[in-house]
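Labels run A, B, C, D and E following the written order; every chain starts at residue 1.
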Amino acid sequence: MVNYVFRRLLFFPVVFIALSLMIFSLQMLLSPVQRISAYITSNSELKGGREQIEALIKKYGLDEPFLTQYWEWIQNILSGNLGWSETARSPVSEVLISLFPATVELVILAFIPSFLGAVWLGTKAGANLNRPKDHAIRIFTILGWSFPTFVFGLIMLLIFYGYLNWFPPGRLSQWAVTEVESGNFIRYTGANLIDSLLNGRWQIFLDSLRHLIAPIITLTYVNLANMTRVMRTSMLETLRQDYIRTARAKGLSEKIVQNKHARRNALLPVTTMAGMELAYMMGGVVITETIFDYHGLGQFAAHAAANLDFPAVLGFALYFALVLVLLNLVVDLLYPLIDPRVVLK
Amino acid sequence: MKVFKYLLKNPLSSFGIVSLLLFVMVAALAPIIAPPQSFQLSPYETPRSSFWATPQAMSKDHFLGTTQGQYDIYYGLVWGTRTAFKVGLGVVLVSSIIGIIVGSIAAFYGGIIDEVLMRVVDVFMAVPFLIAAMVLTTLLGKGLGPMIIALSAFGWMSYARVIRSEILRIKEMEFIQAARTYGVNDFSLIFRFILPNAFFPVLVLATMATGSMVLAASALSFLGVGTEEGYADWGQFISYSRNWIVGQGDDPFKYWYTLFFPGMAIFLFVFSWNLVGDALRDVLDPHTIHK
Amino acid sequence: MDKNKIVEVENLHVSFSLSDNVTVDAVKGVSFHIDQGETLALVGESGSGKSVTAMTIMRLPEHDGARINEGAIHLRLRSGEIVDIVKLPISRMNDIRGADVSIVFQDPMASLNPVFTVGHQIAEAIIIHQGKSPKQAEEIAFNTLQLVRVPDAERRMKQYPHQLSGGMRQRVVIAMALSCRPVLLIADEPSTALDVTIQAQILNLIRALQKEIVMSVLFITHDMGVVAEIADRVCVMQKGRFVETGSVYDIFENPQHPYTRALISAVPKLGSMTDKDKPEKFPILEFEED
Amino acid sequence: MKPLIEVKNLVTRFDLKAGLFGRVYGRVHAVENVSFDIYPGETLALVGESGCGKSTIARSIMHLDKTSSGSIKFNGKETLGVSSRNLRTFQRNVQMVFQDPFSSLNPRMTVGKAIADPMIVNKIIPKDAIPQRVQELLERVDMEKDHMNRYPHAFSGGQRQRICIARVLGLDPKLIIADEAVASLDVTIQAKVINLLMDLQAELGISLLFISHDVAVVERIAHRVAVMYLGEIVEIGDRQSIFRNPRHSYTKKLFGSVPVPDPRLRKKDSMLIADEIPSAMRAPNFIPIQLPMQQVSDTHFVREETPV
Amino acid sequence: MKINLNYMKNLLIVLAGIAVLALGGTAYGQIKNPNTLIYLTTDDISSLDPAYIGDTPSTYSSYNVYSRLLDYNGSNISEFVPALASQVPSVANGLIEELPGGAVRYTFPMRPGVKAHKVGIKGSDGKIKWQYFDDLSAADKAKIEPGYGEITADDARYSLMRAILQGESWMANAVTEMITAGKYSNIEKWAIGLAGVEKFDDVNEAGLIAVHDDLAKKIKVVDGKLILTLESSFPATLGIMALPFATSIVDREWAIDMGAWPDTAASWIKHHKPKLDQSPLFKQENGSGPFIVEDWNRTEKKITFKRFDGFFRKPAPLERVVLRLVPEWTNRRLQLLAGDADVAVTPPEFIEEMRKTKGITVTDLEQVYGRGLFFGWPVKADDNPAIGSGKLDGKGVPPDFLADLDVRKGFNYAQDYQVLLEQVYLGRTVQSRGPTVRGLMGYRPDSPIYTNDLEKAAEHFKKAFGGKLWEVGFEVTGYTAEGRSQAIAAFGVLQQNLARINPKFRLKVQALTSASMREKSYGSSNPESPLAYMGWGPDYSDPGGPLGAASYYLSSSGLVAGFSGDGYRALMKEKFDPLLEKAWKLNDPAQREPIYARLQEMSHEYATTQFLWEEVTANVTRDWVKGYVHNKILYGAWNFYNISKEL
């Protein structure tokens, strides 16, 4: 099994080279003049017009041949820290490390209810094919999937913060921020929920939770549809199997048949999918983070993308590739636990 | 045909089909029900009768109201229907063609070609979709074309995977073996025997994707890399409304029309595609859940 | 109901609705009975309704959208009580299924849940029907596995279905069915999916078990060879109806209905060609296809 | 008479691979050193239980599976290792009917197209003659000519097998391989399809390689019989001597297991042992032991057995 | 594995949890965070190094964290108050002297006893340790190493020289331009000039030392006073010295300790134009301003300032200031409404909405610059989508399209300025009359301006290109940077009016990313863009000089000329440069004013640019935010020192 894990991770360097080439090629779609923009903070720096620009292009070597530039670039990125992000004004690795806990905190907390909800709704819908319950669940989930996330998120923000003033945006209230940033609060993980518990600060824990709920609701609802759909189809498929008939013939109640015999088998495709879904969420809940002023990886990545901060985009893609590989690995390792037929080779 | 009958019989999908037909009609009749004005350079540039910053409620001239900057919502929605079809179908068409080509080659030839192509797919999958699309649209500039290119460039992978697994499944079926035994060549095997049978899973995927691509396009608009300002595009219009969701003082719903109409349009469109796709999936292929 | 009878089916009508307005009548007025300790074979070709008829005794087809339109199924439970299956609520059926009547399906590959151990799946029924603790249930399950002559039963208990061969799986399914010592075992083509050498073993096993624990068997098959091997009485079914019923000897030696005759003539008989030089075509008897 | 097809020392093995670099962790010895001939107009039946390699032989002859070694000669010409272009005539002369009538027809092709396709691909008759020929073929297999515009899902299993036979006949093959072609059919249908095959053989002088697990069916149709066990032919010979005088212990066991459709002949002895069919999967470094064949009569050979 | 979820129970727990959390919300309307100002922005601070920055957002830190010798006097853009200097130099008090030969000397006497945020204390091991002054006990304060963390004239000298030699930001280069009295616009040119070579790369070590020494001669410390000697007059000197950029004073000892330029002649080149993070002052500060940077979280785009109690004036009322970047307006708005934020940057279209909102105060802030559609000619001829066919055939325009004065005038008459002012700006600003806007020398409220007059426009268009233009029409593309709805509106009005004048006149609009925008406009001799929406503001009140409003627009070496093409530049050289040079040489404002007024008129006469409106922004704050003083030249940068929160 160690062998298996090793082989899966071996894939990573390949992805790195391919990704870096791809992103660098994208970058090269831009003319040197356009690319120089990344290095300019104020238009007034270009008072000298073309001449000044050409000097800058020379300075940053943007007129060199493709491979030379790529080599320069990749060296920069490999020389530690994954390069320098212009948008964050920090090394890319630092940004990723510092924002990672926030995103993970949000994503995990949103993933759990979406997964459990999807399994529950999917089971119910699958077991009641084409009955009102099935229709209701399908409409409910497709509804969540058919609305632009940002509209839904903004409405959540408006209701829960604007009108009710229950769940404010951001990650913490200002008083809590001051507390957290003061010397007598130890940042163990960077995830506020965990840190506040470790520090024994209930108030901060509750405050942090308060800030998380609205984005969690948004994310959960938006992510529900896909997994529910897969769970439902998977249930339908499973309920057609002979062993379900066998289970019924044994005299098991319909509840046990559905919730034990069928669901356990139906979980297989959902697990794969849930792994992907979790990975995608880790890959940036861009819009939700933007709306709820939640400084996480998604918002950062979107900002980097819009500003063509290529080292940041590459760093982010690498991070995402790693998440994908690891989560796929986790799913693969989980699979034999759910399905004894699967053996890792 | 049987499929179509099923779709019409199922209350959810028949709703979807009827509403999609309505959208098609609106798109087709756009020049009649929302005639462009003489000073417009293109019918897709939503005309503005004035330039007030604040949205204006429904009136005789603007019977769904106007957005910020006085873009006529009615006009934008009518012509935006065409844009929605262009984006949805355009992206789906381009990405499914790429996906089908890559997937077919990978599955049919297998071995090292398969391995390489699948790694390419992996690499494309390793860039989060929205971020990748953002980078590409930012690179290519605003507009419908760049958006379709960007969404397709990072949206073809699922088609490739589905096609590949379908082909691998079909390839083992006996009619393929039979065709091989009487000397059908590879090309013909793929196009005459395999792809027509792999069509339905792709169709399901494509149906679902058509809606979600319109959503993705609207997300791009939200993130500021969508179509050009004033372009008749639902995503653009709905992102105009984002700042007006909060009403004014005593009247929290003062600007409801800026969100409601574009929101309904996009929602109905996506919802209909999803309903049809969902039903299609049920009827066509219960075995393609996790491919 | 006659004291010897275990089950008596009267004028059974079962239909499936395919969509809103298309219904298919699968079973059209079937009546039969099974005596204590007797093996009744239900013979017919695919789609004749034999499986539906048998499974209706356990009310299983209803989960797949079937409806019992008419008829009665009287069953003598182990407790001696006689119930009309058709009129029971499903919750009550759960007490009967697996306890008084059990079933063995055709495909041993598919009829075991791949994610649970063999032991667990056998014990499950024992726990719910006999109120045993999981530990006791496993003990019983182990004994049952030995009863169906599974070698190395202890190890098998902890194995998953995919780790067993087809024949072994079918034995496990039989063990599962017999774990509560039912009065009636429905065997729905239990040997069809197996290789011929394994099939012989399974048939022998069922025959032997039937004697060991006194039970009746309703044997469903399309294979006349198997019928000849195992049945006491035979019902021949065609398109939802019984065309002929009789003792196994009557059916084979003196078939009355043209369909029965066609069926028997189409069955190749090993050894019938020993004296012939050249291959020979089957004698085809035409029968009415209504 | 010269044999139509000569199979010599055919070996087909499949590697089982795992991981990124395709490490071989096991090997299935599906066909081990199999030799037989088929003469024009004769039916050779391959009989054995699942996994014994009988289908792999068919697939190897059809070049659907890659053979590891051995030779398959058609009309005295080697076919293995020959480029597919040069196999054209071979492909036309040797055709196969598959086991599963539900997957052996393209669901998106009408029956007429399906039957016409081999003729179009191989350009054996002019295009405008094809519809006529398709009709003839359909009639030949007892189907109606207006069936040609329908899709396969409209037909029953038996009808589909007939369509498959018609498709094969379009190329005027010299040898038809029927791989469990009647296994999934009901007995009455099975009988009719087998009769059809025998009629065709009588009419057209076609050779048949009839692959089946059903000993009783084989007894009816075959001129010669080969019994397979774990990838090897353990006994081969003319039908009468095989059935009268089975020599190999496996053959005996196989024949003994067949239920006899006569209640008076019901077997009394109960074999309450639990047997399993061994698997043909081996470690990558496994070297098979070949025991020689013994001649029983002119036409009957049996493989030696290791004493147990 | 058992998957039996107890749904009802879970649901109840969730609901109960939500209820508990919901109660945590505080009441509406009270001052939240009473001593902390929370400011939600959309802009990002790029560096804490005052010598590195050149953009307004970054001044939020340098302005409040560092001090300068002088400050602007309240909202006045040409009057000053002493800060680190103890007096404002003037001719009257003798601190500005004209030397023989036209040179000018500025003397800055220093305020004594000013402490920086961090001071150096010598430990027992003889090493200097930098500690926050506020945290020190009286005993510790006695141990402060002299000069370490005390702001002296030498620190001022070092700071100015470091900024000039670092030469990274254009604001630092403005200091160079000041100190050389406009002779050199940056240190590189200075070095080239002294060494007499072609390229900066060719300047040898001796040359580098020479330029340092030349600079050191101009910035000197004598008797604890800073003395600047300029070769000739540079009227904007005091204005530049008060700007919160490169003239901010850092503590020399601390900076050197942190690895900044060690104040030696030969070493400066190593510290010349560093990459952003290579400046040691990039993410740490030691200023003497009223606030200390407590935390700068660059990934979360948040900076927290803490009050500096040892400030040389009395400490600021606010204890903390938090600047957070919140890109989504609805979010900023809701936080402001809930009182979780005190100030929120507001898009122009919401200013009026917010003005109507209870509890919110909106203050309009006039800006010292205008917006306009910039004409460029000749533009790039080949492969330029902006000019279509590149010919006068109705499907494009020739590359020198806008060289025709009638075309320019036609465009200017076609624009409807009133519509823009009324509808887009809701009457909050006025039409821009030219490069010189209200408050600058040379602005006259009665100078000629263009009005919407389609007939006159038609007249001019008919004259253009010998009437051919009117016959065949044109198609041309105008550019703007993305996200400028006002620009789209301005183009929109123009587009509609042009089509009304003649349906064959087709103006297309394209919004570009800032990178593409740059590519379109920066080609000094032939840019790609014939028509672009932009705006520039001067950096001191004087309209002349390198960074003045008039030279920005109207000098052949000005910013605008830098991207408007050779034709534009030639026009400037011929007509405008002489007047500009003449005015700059004069010291008497009474003589200069009419010249700038004339230049303003000429910009109308030659229709150099389509001047649209004077920029106006607004502060949108809670009512309880008090004390903001607007100084136009600072472009709305907040001096948090004056701010307090009270109802």
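Heads up, the rule we're going with is that a residue touches a chain if its C-beta (ideal position, glycine included) is under 8 Å from a C-beta of that chain, and two chains touch if they have at least 3 such contacts.
This structure is a prediction, so every number in the text was calculated from the model and none was measured.
**Student:** When the mean CA coordinate of each chain is compared with the mean CA coordinate of the whole protein, which chain is closest?
**Tutor:** Chain closest to the assembly's C-alpha mean: A.
**Student:** From chain C, which chain is the farthest off, judged by mean CA positions?
**Tutor:** The chain lying farthest from chain C is E.
**Student:** Based only on mean CA positions, could you tell me how far chain A sits from chain D in angstrom?
**Tutor:** 54
**Student:** What whole-number Å value describes the gap between the mean CA coordinates of chain C and chain E?
**Tutor:** 89
**Student:** With centres defined as the mean C-alpha position, give me the chain B-chain E separation in Å.
**Tutor:** Centre separation, chain B to chain E: 43 Å.
**Student:** Find the geometric centre of each of chain B and chain D from their Cα atoms only, then give the gap between the two centres in Å, rounded to an integer.
**Tutor:** From the centre of chain B to the centre of chain D is 50 Å.
**Student:** Any chance you could list the residues of chain E touching two or more other chains?
**Tutor:** Answer for chain E, listing residues that touch two or more other chains: 328, 330, 334, 337, 513, 516.
**Student:** Which chain A residues touch at least two other chains?
**Tutor:** Where chain A meets two or more other chains at a single residue, that happens at 11, 30, 154, 158, 162, 264, 290, 308, 338.
**Student:** With touch defined as at the start, can you tell me which chain D residues reach chain B in the complex?
**Tutor:** Residues of chain D touching chain B: 59, 62-64, 84, 87-88, 91-92, 94-96, 98-100, 103-108, 117-118, 121-122, 164, 167, 171.
**Student:** Which bits of chain E are touching chain A when the two form their complex?
**Tutor:** Within the complex, chain E contacts chain A at residues 1-5, 7, 10, 17-18, 20-22, 24-26, 28, 32-33, 36, 38, 44, 46-47, 53-55, 58, 169-170, 185, 273, 275-277, 294-295, 297-302, 304, 320, 322, 324, 326-328, 330-331, 334-335, 337-338, 340, 513-516, 518-519, 522-525, 558-559, 562-563.
**Student:** Residue numbers of chain D touching chain C in their complex, please.
**Tutor:** Chain D reaches chain C through residues 43, 49-50, 186-192, 194-195, 198-199, 213-217, 219-223, 239-240, 243-244, 253-267, 270-277.
**Student:** Okay, in this complex, where on chain A does chain B touch?
**Tutor:** Against chain B, the touching part of chain A is residues 11, 14-15, 18-19, 22-23, 26, 29-30, 130, 135, 138-139, 142-143, 145-151, 154-155, 158, 162-163, 225, 229-230, 233-234, 236-237, 240, 268-269, 272-273, 280, 283-284, 286-287, 290, 301-302, 305-308, 313, 316-318, 320-321, 324.
**Student:** Which residues of chain C touch chain A in the complex?
**Tutor:** Checking each residue of chain C against chain A gives 58, 60, 63, 90-91, 93-99, 102-103, 105, 107, 110-116, 124-125, 128-129, 160, 162, 173, 176-177.
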